Structures are given as structure tokens and as C-alpha cells.
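This is the structure I want to talk about, given as C-alpha cells.
Chain IDs A, B and C follow the sequence of writing; residue 1 opens each chain.
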């Protein structure tokens, strides 16, 4: 039994099949990359797996348990979480607070305790704070801890999102273009971070445009085109697959519909 | 049966006014994504200005035209002075601004005019018309006819004229409209003028029946808003259907259930509709993009 | 707000409350002060709903109405002392908020605004129309609090103005303390997260629907208690307490001062409560000025008075 198993997943928006009959699986510690031309349905696939969109067909299983219609917060509590392509940061909160929010499940307790600042609530908050500081060190944002998140650079925010996701101690982590907009140094940092996370046993689903990075760190690659899976396998086998090469070459001269909208 | 017809006739009359207010909401909402809580004040201004210019000796038609023109200017000023400087502000801020504008206009009207209720003569006398045992004042026909004409004229404007299509394009996608050379600033001015004029016209038409005072705007705005929501925000067809349905529901409630709670109908309907289909009868649903 | 800790803010407020009476030219100002604090309490609740959780309500006066009429009706019909009536009103408000909040809070932006507005208006209509019970639009008398007599028995003689000044100030300070606790707690942080990005909040395991409901219920209780105190100190209550304009006033106070910060909201209540007092000479200009203030603040100080000023001062310091 795989940790994450996706089968026959599909969704349509007003007649357009944005994703159709996509399936794959991921084991603990494995990095599975989803690649494909713009508009192939990668983010839509992520949105379905993470519970943001409700798929019309297919199943998502976590530890063999069907979690297809589960809401994002329930999935998060079961150990599946994600980052976003277009950054979803809590801009008006400090960098540290952003990560502390990631500890919500372990930190939250009785509402009354929170309202009256009872010792129990303060202890919970202290613990979450300390752990969050550790995580910030790990993504090397500890110096910016007290800054408003909105003031950070794009690359730093990408790392902040990962730190926030890690706070939940996920078993499955979906990363949507974690290196987009990052410079070479930042990309390498993220590269290392992902490899490290996988080594610690987290199954990673990765959508990324930087093909060098994808080929370097992935264990398994799933290729989408026009919402359908056209190939799957090791980085070597996929990069030699004629269908994949054709999809990538073909996407350059035809206007592809952005199925994510 | 006579009673039912009577209720329906008065319901359609009131509903026509709600539909016009809702249409005003719709036009501004489409053009600028702003829900204008000062919409009811346009109706008040239409009535009040007509009353006072008519009392000053102007012939009624001229007084009415003048009232509609001045109210349009107020609408344009509202956009230029209060909303344009706050473009991109969060919804809460925009709500506060238009409510502020509504209170401001009301305060100004109370100073310039007075706090009394007023009316001017009906356009075609007050001799009631008898239809199958129900009675109808001729002014009701003016209200209903006026609303029908406005909706037809707008439909023609949006579908047959280039300007109307420019307004629709701007409503659809502001940036794209700018890119194809539409002057979106002008479209905005036009939309506010149009919306205010429609509101003022409603005020002119209905004043002989319901009277007008400086504070009638709030109630009308809320009803018009309710009608627009019921039909689905941003849809002119929805404004018409929502307005008439609300008017009918109110009249039937007043007739058969409780006249005290007739004003509650609007809000009960709203809550019910929002719970069952949050996008209204004709609204389009949206998928959040992440 | 990271610059000032919870206790600094509370201390500043407490000092202000204690020092202010030294400048009162007459006993009348105790009344005005008490009114500011009661409004401040209601508005602090709205800060939790609007400022923390990012949800709008244009109907919170409805809860103030429930609190107010609980203090009018429960002593008369149930024989409950006024102090317990405050509690009863708060419980009813909380239950009602839970009941209507569930479906309403799925809505967003303007839809949420109109749904809450509808709720508030329905409450005020019931209060206006059920004459037999509520006295209709003319309102009804409210029995005073026994507490003042008890204090007098202990030798602490307070005028009604002084008594309500102190009691309202205490109520507000407790309300502010709770709101500041919440701000720094897991729940408050999750509320602010939901405000920042609902979808991200969900993916970190936050039950968004439950959290919105909590914010709605808490703010309803604040409004209800404020409504009770208002009715008790006026010893009279009319349906206006639940009216649309009262809801708007509350939201305006919150947004005017700065809905992201509790102190800002209290400042907003002070300004908007004082405005009519200052303008009594020009009573007919009151609406004009109120409307103008609302528009100008939103345009020029979109984050509200206090945060905008704080940002300006900070900018100068750097």
C-alpha cells in the first residue's frame, strides 16, 4: 500500500476537461514531480489532491483511506499539506507568526483558555513559538523573525511557506513551483531543503518549471499534457520519451488554454 | 380574487420602483465592483429636487428633467470625489464610503430642503382606474411604464450601441477593455450618471404615490439591494425579476399576513435565497483561483 | 501590534480613564465618558470579527438590542435581577449568533454584509412591532442596577454619572483585556491567518468555518453586553438600539479608529461619540459632518486613524 495513491482523478470547468483520469502513487521519502507544459493541469491536480477543488471523478487515498472529498483542513490534520504557486502568505503577520500558525493543530486548545490567557494557553503558545523559531533557522529566516511577512523578498517568502508547511509535520507535502522567481543561490537552497525533507521520510509532490532541478532530485516523474497523463517513470526514461518531447516542443507554438482559471 | 388582484397591482407598482433601484445598483456594481449604499439617495434627490423646483414655479416636466440632471451630476461627483480616490480599497472601506456618502447626501438634503414629506400632482390626475374590481391610480401606470421603458432602453443601449458594448466590456474585464482602447474612466462616469439618473427617475415617478422626504433613501436602498441580491448581483435581468418579485411578496404579505412585517419580507427572502443559492437567481458562480 | 505589549496598552487605557475626570467641567461629562466606554466595548467585539477574522457585519446592533431588551424584559417578566439579565442577554445573543452564523458565514464580502444587515433589521422590526411586549417604537423603561445602592450602603456615595463612568470603564477594560489575550493566542492567530488567506489557513489545518463562527459569537456577546449596559444606564431602551444606523455607527467607529487594533477602535468610539456632543450647536450639520468624516478617513487614512498615525510617526523615526 502506498502512502499516497491517486487514481482516475478528473475535473472539468464548463465543458473543458482540465484534468482527466490521472493516477500515480508516492511512497514515504520519495520525490514525485509533476511536469508538463503551461496549462497541462498541474496546479489543478494539486488543488484536487489538497482538497481545494472537489474532483468529478477518481480517488485520492492516504494510507489506503479514501480522502477524496475531505476538506483541506482535515487533510492537513491527516498529514497532507501544500504550498502555493502564487504565494499564500499571511502578509499582515510577522514571519514568526506565519510559522506559528502552522502549529495550529498542536497549539490550539480551549477557546476560554485563549480568551483569558490562562497558563495552559500561554504554555501552548510558548512551545509553538520555540518550535517555530527552530524551523525558521532551518530555512534560514531566523533573522527576519519579527519582520512583517509582507516585507520579505519573493525567494524568502517561498522558503517561509515551506517552513509553515513543515510546522504541521506532514507526511505528504505538495510543493507548487517552490523555486519560481528565485535566483540561482535560492534555487539551490530550496533544492537542498527538498532533498533533506525527502530523506527524513516525507513524500514530496513537486510541480516545478526548472527542469534541471526536477531531473536532479526526482525519483519519479509524472508528465501531464492537456490534463492527461502522457508518461510516467524515472527521470531518464521520461526525458527520452518521444511523447514527452513532442508535448514540450508542441506547446511552444500553440496557444495553450490556462485550465487553472 | 379582487383582493388578490389589488395586492398584485400594488405589488407590481412598488416592485417596479425596487427594480429601478436594483438596476442602479447593478450598473454601478458592474462598472466598478462597488455596491453603492447611496443608491436610495438618488431616488430621494429625484423626488425632492422636483418638488422644490416645481414649487419655485417651474413646469413639472422641466422640474423633473432638471432633478434627473442634477442627480446624475451628484452620481458622477460621488464616483470622482469619493470612490475613485479609494480604488482598490477593501470591501469594508468601500461599504463605509458609500454609506458615508448616503449619510452626507441625506444631511445635505435636510439642510437645503427640509424635514417634511412632500408630493407634487400626479401626471394624469388621481381618478382611479377600475380593473376587474380592483382599483389602480393612473400614476401606477406611469411607474410601471417608466420602468419597462428604462429596461428596454438599457437593453438596446447595451446590445446595439458601441458605447453600451464598451460599458459591458469594461464590466467584464477592465484591463482588457483598456488595452483595446476603451476609455474606462469615461465608462465609469457614464455608469454613475446613468445609475443616478435611473434612481432619480424612479423618485420622480413614485413621489405622487408614496411622497418624498429627506430620509426615504435608506429604506429604498435596502429594498433595492435586496432585490438586486435576490436576482443575482450584477445582472439587469435579475434586477427586474428580483424587484418585481420583492414588490409582489411584500404586497401579498401586507395583504394576507401582516402589514407590520411587510418590510421584513425583503430580508427574510434575502436570507433564504443566500442560504440556498448564494449567487442569487441569475448570478454566476465563481471558482476561487489559487 | 508588536510595538506595545498587551499590558502597556491596557495601562495606557486605564490611566486615561482615571485621569480624564480631572478635566471634566461638569458632571455631565461622566455620562459622555460612560457612553464612550460602552461603545468602546461593542466596537472591541467588532475588532475581533472584522479586524482579526476579516468578516464584516452590518447587523451587530441586533445583538445590542437583544442585550438591551433582555435587561428591560427579564426583570419585569421573569423577576431576574438586572445583573443576571445581562448574562441572559449574552447567552441568548451567543445562541442566536451560533444559529444564524452557521449559514451566514459561508458568504463573503457584500453578501455577508447584506445577510448580517438583514438579521439586524429583522431584530429591530420585531422590537418595533411587538408592542405588547416591547412597548413598540416608544420603547420601555429599564430598572436600574442595585449595585449602586449596595455601594452606598458601604459608604461609597457615587452620583449616577460617576457610577456608570466607573462601571462602563471596567467593562471596557475587561473587554479590551480579553481581546488582547485573544490576539496573541492560537485562536486569535488563526483568525488573523484566515483574514490574510483563507485557503492557506485551511491548508495548515485551521477549521475556517468553526473559527469564523467563534469570532461571530464572541463579537455578538460583546455587542449584547454593551447593549445591556446602555439600557441600564439610560434606564430606558428603544428599538433604535438595534437599528441599521446603530450597526453602521458601530462599524464606522471600528474602522475609523483602525479596525486592526483594539486601541484604535476605542479611539474611534471616542471620536464618534464626542462628535454629536461637539456638534450640538450645529445639530442640523451632524449628518453632514458624520458622512464627510467617514468618507475622508477611508480615503486618506484607509487603515484607520490610530494605525495611520502610528505608521507616520514610525516612518519619521527611521
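The working rule: a residue touches a chain if its C-beta (ideal position, glycine included) is under 8 Å from a C-beta of that chain, and two chains touch if they have at least 3 such contacts.
Bear in mind that the values here come from a model prediction, so they are computed numbers and not experimental data.
Colleague: Could you name the chain whose CA centroid falls nearest to the centroid of all protein CA atoms?
Modeller: Minimum centroid-to-centroid distance belongs to C.
Colleague: Among the chains, which has its CA centre at the largest distance from subunit A's?
Modeller: B
Colleague: Averaged over CA atoms, how far is the centre of subunit B from the centre of subunit C? Could you give it in whole Å?
Modeller: Once rounded, the distance between the two centres reads 32 Å.
Colleague: Taking the mean of the CA coordinates per chain, how far is subunit A from subunit B in Å?
Modeller: 47
Colleague: Could you please state the distance in Å, as a whole number, between where the Cα atoms of subunit A are centred and where those of subunit C are centred?
Modeller: That pair's centroid distance is 41 Å.
Colleague: What are the residue numbers in subunit C that touch two or more other chains?
Modeller: 199 - these are the residues of subunit C that touch more than one other chain.
Colleague: Quick one: which residues in subunit B touch 2 or more of the other chains?
Modeller: 288, 290
Colleague: At least two partner chains per residue is the criterion; list those residues in subunit A.
Modeller: Only 52, 84, 88 qualify.
Colleague: Any idea which subunit A residues touch subunit C in the complex?
Modeller: 50-52, 71-73, 75-77, 81-82, 84, 88-94, 97-98, 100-102, 104-105, 107-109, 111, 113-117, 121, 124-125, 128, 146, 164-165, 167-168
Colleague: Quick check: in the complex, which residue numbers of subunit B touch subunit C?
Modeller: So the residues of subunit B touching subunit C come out as 35, 82, 85-86, 89, 91-97, 99-108, 110-111, 218, 222, 225-226, 229, 233, 260-261, 263-264, 266-268, 270-271, 274-275, 278, 288, 290.
Colleague: Could you please specify the touching residues of subunit C with respect to subunit A in the complex?
Modeller: The contact residues of subunit C facing subunit A are 2, 178, 181-182, 184-190, 192-193, 195-197, 199-208, 214, 218, 260.
Colleague: Provide the residue numbers of subunit C that touch subunit B in the complex, in ascending order.
Modeller: For this pair, the touching residues of subunit C are 50, 56, 58, 103-104, 106-107, 109-111, 113-115, 117-119, 121-122, 125, 129, 199, 244, 248, 251-252, 255, 259, 284-295, 298-299, 302.
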